[in-house]
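Structures follow.
Two complexes follow with chain A in common, the first pairing it with chain B and the second with chain C.
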Partner chain A sequence: MRRRLAVWHLLGPSLLVVAVAAVGTTTSPTIQFQVRSVLVTAAIVVSLYVFVGNSGVISFGHVSFVAVGAFAAGIASAPAEVKPSTFPKMLPFLANLEIGNVESLLLAALVGAIYAFWVGIPLMRLSGLSAGIATFAVLIITHNVIRNWEAIGPGAKTLALVPPTTGFLQATVGLLIVMAIAYGYQRSRWGRRLRATREDPLAAQASGIEVHRERLIAFTLSGALAGFAGGLFVHLLGSITTEQVFLDLTFVTLAMLVVGGIGSMWGALIGALFIAGLNAFLVELEKGVVLGARELDLPSGTRLLTLGVIMFVVLVTRPEGLTGGRELSWPIRRRRRV
Partner chain B sequence: MIYLQAFVDAVALGTLFALVAMGIGLVFGVIRLVNFAHGELLTAGAYALLFTKGMPLPVRIVVSLAVVVALSALMEFIYRPLRTVSPATVLIATFAVSFLLQNAALLAFGTQGENVEFLTELNTAFVVGGLRIRWITVVGLVVGGLTLAATGWVLRRTDAGLQMRAAAADVQMARLLGVPVRRVVVMAFLVAGLLAGIVTLVLAVQRPLITPTFGFQVMIPALVGVVVGGLDRLVPAALGGFAVGFATVMLSSILPGAQRVFLNTVLFVLVITILLLKPDGLFVGRRRAVERV
Partner chain C sequence: MAEVLLRVDGLSVRYGAVSAVEEVGFGVDGGEVVGLVGANGAGKSSTLLAITGVVRPQAGDVRLGGESIVGWSTERIARAGIALVPEGRHVFSSFTVEENLRLGLLGRADPAGAEDDLAWVRELFPVVAERADEFAGHLSGGQQQMLVIARALLSRPRVLLLDEPSLGLAPSVVETVFSALEQVRERGVAILLVEQRAHVAVAFADRTHVMRSGRLVMTLDRGHRIDVDEMAEAYFG
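Right, the complex of A and B next:
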């Protein structure tokens, strides 16, 4: 039973993802794009969960790794013919680089991991609100540097002409890879040690667990996955600015994690699907939708307002999140042994 | 001379951030809740000033203060169910409220912004020894100093303040000793609201363009300041807010022109450094030897 449950905890959510993607392919092109962006957002949230969920330390800085991954993949895969003229100050090495889709995603993961590792070495000593503010500082610095250092980034311009390769297949497979790695980590000895430090840091230390090292491992892995998700993101959009991977995305992804339930991968996935799905639905409503005989047309801005209300109501009525921080339970109840 | 001028401007911004930081620190001290929506109190007060444009000055001030204090009390009410949940959830929930209020303002008033025309005469400058000093800088300093002193007096010398500090130290113990914790929490929010109201008045003179992110823009650096300074004490929190405002202006005058765009990088590298060296807060003395992990 335990082994079966362990498989189910990964298989169940994966089936849900495949189902969402399958239903998504049957819809109209605009909704298809929404569904794909829901899947990519879910990948970002699961990568955030790997660190935040397992360590219990809030990070406001994960979108920096998404940003670094997105720009690494985007710049490396945008056509070399146009880059030198669009971005005259960019390093010749980067401007003349043009690599394929899969290579760019791997590059994104690598850059995310390296960046997270170096940032994590000093930062993982902090906890609580100090950690929150320090990771927030990382976000501000990353944004500031990518936006203004034109040798390595697009500056204030839009990075365009990135091959839009994140179709349904890439979004789904990408998300499934992120989930599999997240789940594998969570069940590994490193994952369990980190979870022990989350429950009681002092007791965990007394049992011989090095808190700093365990957190650093999770932070680096989480950075790699976030970078990879950033790569998926830039290939989904085809063009990107530094503002798209900054404050709004940070708070939205954190909210998804908390609304779903911070302590489980199932929670991360459900929160992302629930809020991103709702968001996509409201986007369509704002454009105007025919419901039966009447046309429903919400004024723009209602979307964010509704999201705010729903987020707050969920947190007040279910403070542990929609899933209560538990993994997906076995659908059929076991018969009680007499 | 340039540096002296920058110094004056730095003190002005620092004072403002200190007042915001004090409001955030007060609420955190009593119920361990970082109110992300604190900035929206300022925004609400600013819109109140905007709607009373053309009315007599005392009316505008009173209406604005009343709106801010009332909203603060309302926040206390809607935050009640959060009393028993984990800090992460609280953080996100108060952020949701901030997000909600900002978007409500956006929906109602648009992004354009409007000039509030509040005490514009205070925005003019006088010249002392080659320095241009705006009247509002002086007023802000005086008001800020007085408010800080008054809040300190309330906390130290009145029964209500004593109860607030008791609740801040240990809620369970305070409750056992007969402190009406519920009333104390309401009180903390009312005082924080009053502080926010006062900041709004000063800020509306300095930055007369009122937009939905009027308060949020000030709240974020002030919150950083609170954490850098030391979260659970009022004076360190206020000093932290001051330090962030002061450093922002001084850095932008010290950095050479081409590097000025990297102001935020320098500022936040400093923030990280301070957090690593003094995770309890820059302005908090040596405290109990509890293991931090």
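Right, the complex of A and C next:
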């Protein structure tokens, strides 16, 4: 029973993802883009969940790893013919580099992991509010380095001509990989130890669990997944600026995690699909949609206002998030979460 | 002369300007139970937290088997063989009872004998076997306390520190807990028992130190008949 339930915890959400992608392929091209972007956003939120959900420590810095992954994959895979002329100050090694799609995604994950590990060594000693502020500082530092150090990034310019390889297949498979790794970690002995420190830090330490070490493992893994999701993101957009992986994305992805339910992967996924889906829907409504005989054209600003109101209502009525921080329960026989 | 298993010498703990523990010294040997009693705020819990490295002592030494452990991390001290049962019911509530026990095995220096020890704690506290698949958060207060003690024992400690284990428990549960602790003592574990209720400690411990305002002010032998006036004097000065 428990084994079947454990399989379901991953299989159920995966089926939902495949269903969303399958429905997405039948829609118009603009909606298709929105659905793919929902899937990539979900990958970012699940990567954030790996650290925040399991450790209970808030991180405002995860979009740094998304940014690092996005620029690593984008710069490494953009055509070598145009880079030296567009970015004259870029290191020749980077300007002349051109690697394939999959390689660029793996590079994004690797760079995200290394960067997260490196900043995690001092950061993981902190807890609570100071951890939140310090991770936020990492976000600001990262943003400014990428934006101003033209030897390694596009500077204030747009990085364009990145191969747009994140179609439905890549978005779906990418998200499923992130979910499988997130779930595997959560079930592993490292995941359990970290969740124990989240529930009761004193009891965990008294049981011999090394809080710093367990947090650093999760932070590094989470950084790798965020970097990978950043790679998916840059290949979805085809062009990117540093502003697209900064404050807005940070707050939106954290809001998704909190709305969905911070304590479970199911919550991370539901929050992302719900908010990103709603957002995409409202974007289209603001542009104007013909519904039967009438044309519905909402004034601009409706989207953010509606999102804000819905998030407010969800959090007031369900402070634990839409899923209550639980994994998906077996649909036939109801059972408490494991 | 061989050194006792746990030796505390001249231990002082300060929180900012407030002194919680002042030059406290005592020893606990294997198979021995030492009680530490006193009023609220006398410094009992601070003493335990300093021994386990949760707070850093201002001065003094703590030695385990002759080796100074001051400055070690809590995790390292746990792995070295000092298990702490903190005050309150520190279970991992969204984990099952069985998972809580398994987490206790992490603190073992030697993984051999884990299954034997699991069988032993299930015998000491049958409830942890009966409710193995339930969430620890759904247990009653007394059952949670037993689970925390069972979990601490699974690290196979040489020294067991208990902070107010009888607090808020029904008399029958207190009896179960203390008869289990008796068996733990027989295995040669050193037990340091912090209690507010002096008669509980004195009935069980080989000797009981009374703490007041951060200092040890009196030592009572096992079975000492507690005189109300004497205790009021010891507790409140």
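Descriptive notes on the structure:
Convention: the second predicted complex is superposed on the first by the 333 of 338 C-alpha atoms of A that agree within 3 Å, B and C clash if a C-alpha of one lies under 4 Å from a C-alpha of the other, contacts with A are read in each partner's own complex, and residues count from 1 in each chain.
In the analysis below, a contact is a pair of C-beta atoms (placed from the backbone, for glycine too) under 8 Å apart; a residue touches a chain by one contact, two chains touch by 3 or more.
Predicted model only: the values in this text are computed from it and were never measured.
In the superposition on chain A, contact of A:F33 is made with neither chain B nor chain C. With both structures placed on the common chain, the touch criterion links A:V211 to chain B and to chain C.
By the touch criterion defined above, A:A203 reaches chain C but does not reach chain B. In the superposition on chain A, A:R193 contacts chain C only, with no contact to chain B. When the two complexes are overlaid, the chain among chain B and chain C that reaches more residues of chain A is B.
Once the two complexes are laid over each other on the shared chain, residue contacts for A:F168 go to neither chain B nor chain C. Residues 202, 205, 211 of chain A lie in contact with chain B in one complex and with chain C in the other. Listing the residues of chain B that touch chain A in their complex gives 34, 78, 81-82, 84-89, 91-93, 95-97, 99-100, 103-104, 106-107, 223-224, 227-228, 231, 261-265, 268-269, 271-272, 275-276, 279, 291-293.
Of all residues in chain A, those touching chain B in their complex are 52, 56, 58, 122-123, 125-130, 132-134, 136-138, 140-141, 143-145, 148, 197, 201-202, 205, 211, 251, 254-255, 258-259, 262, 299, 301-302, 304-305, 307-309, 311-312, 315-316, 319-321. Every residue of chain A that touches chain C in the complex is listed here, in rising order: 192-193, 195-196, 199-200, 202-211, 336-338. Of all residues in chain C, those touching chain A in their complex are 52, 54, 73-75, 78-79, 83-86, 90-96, 99, 103-104, 106-108, 135, 148, 151-152, 155.
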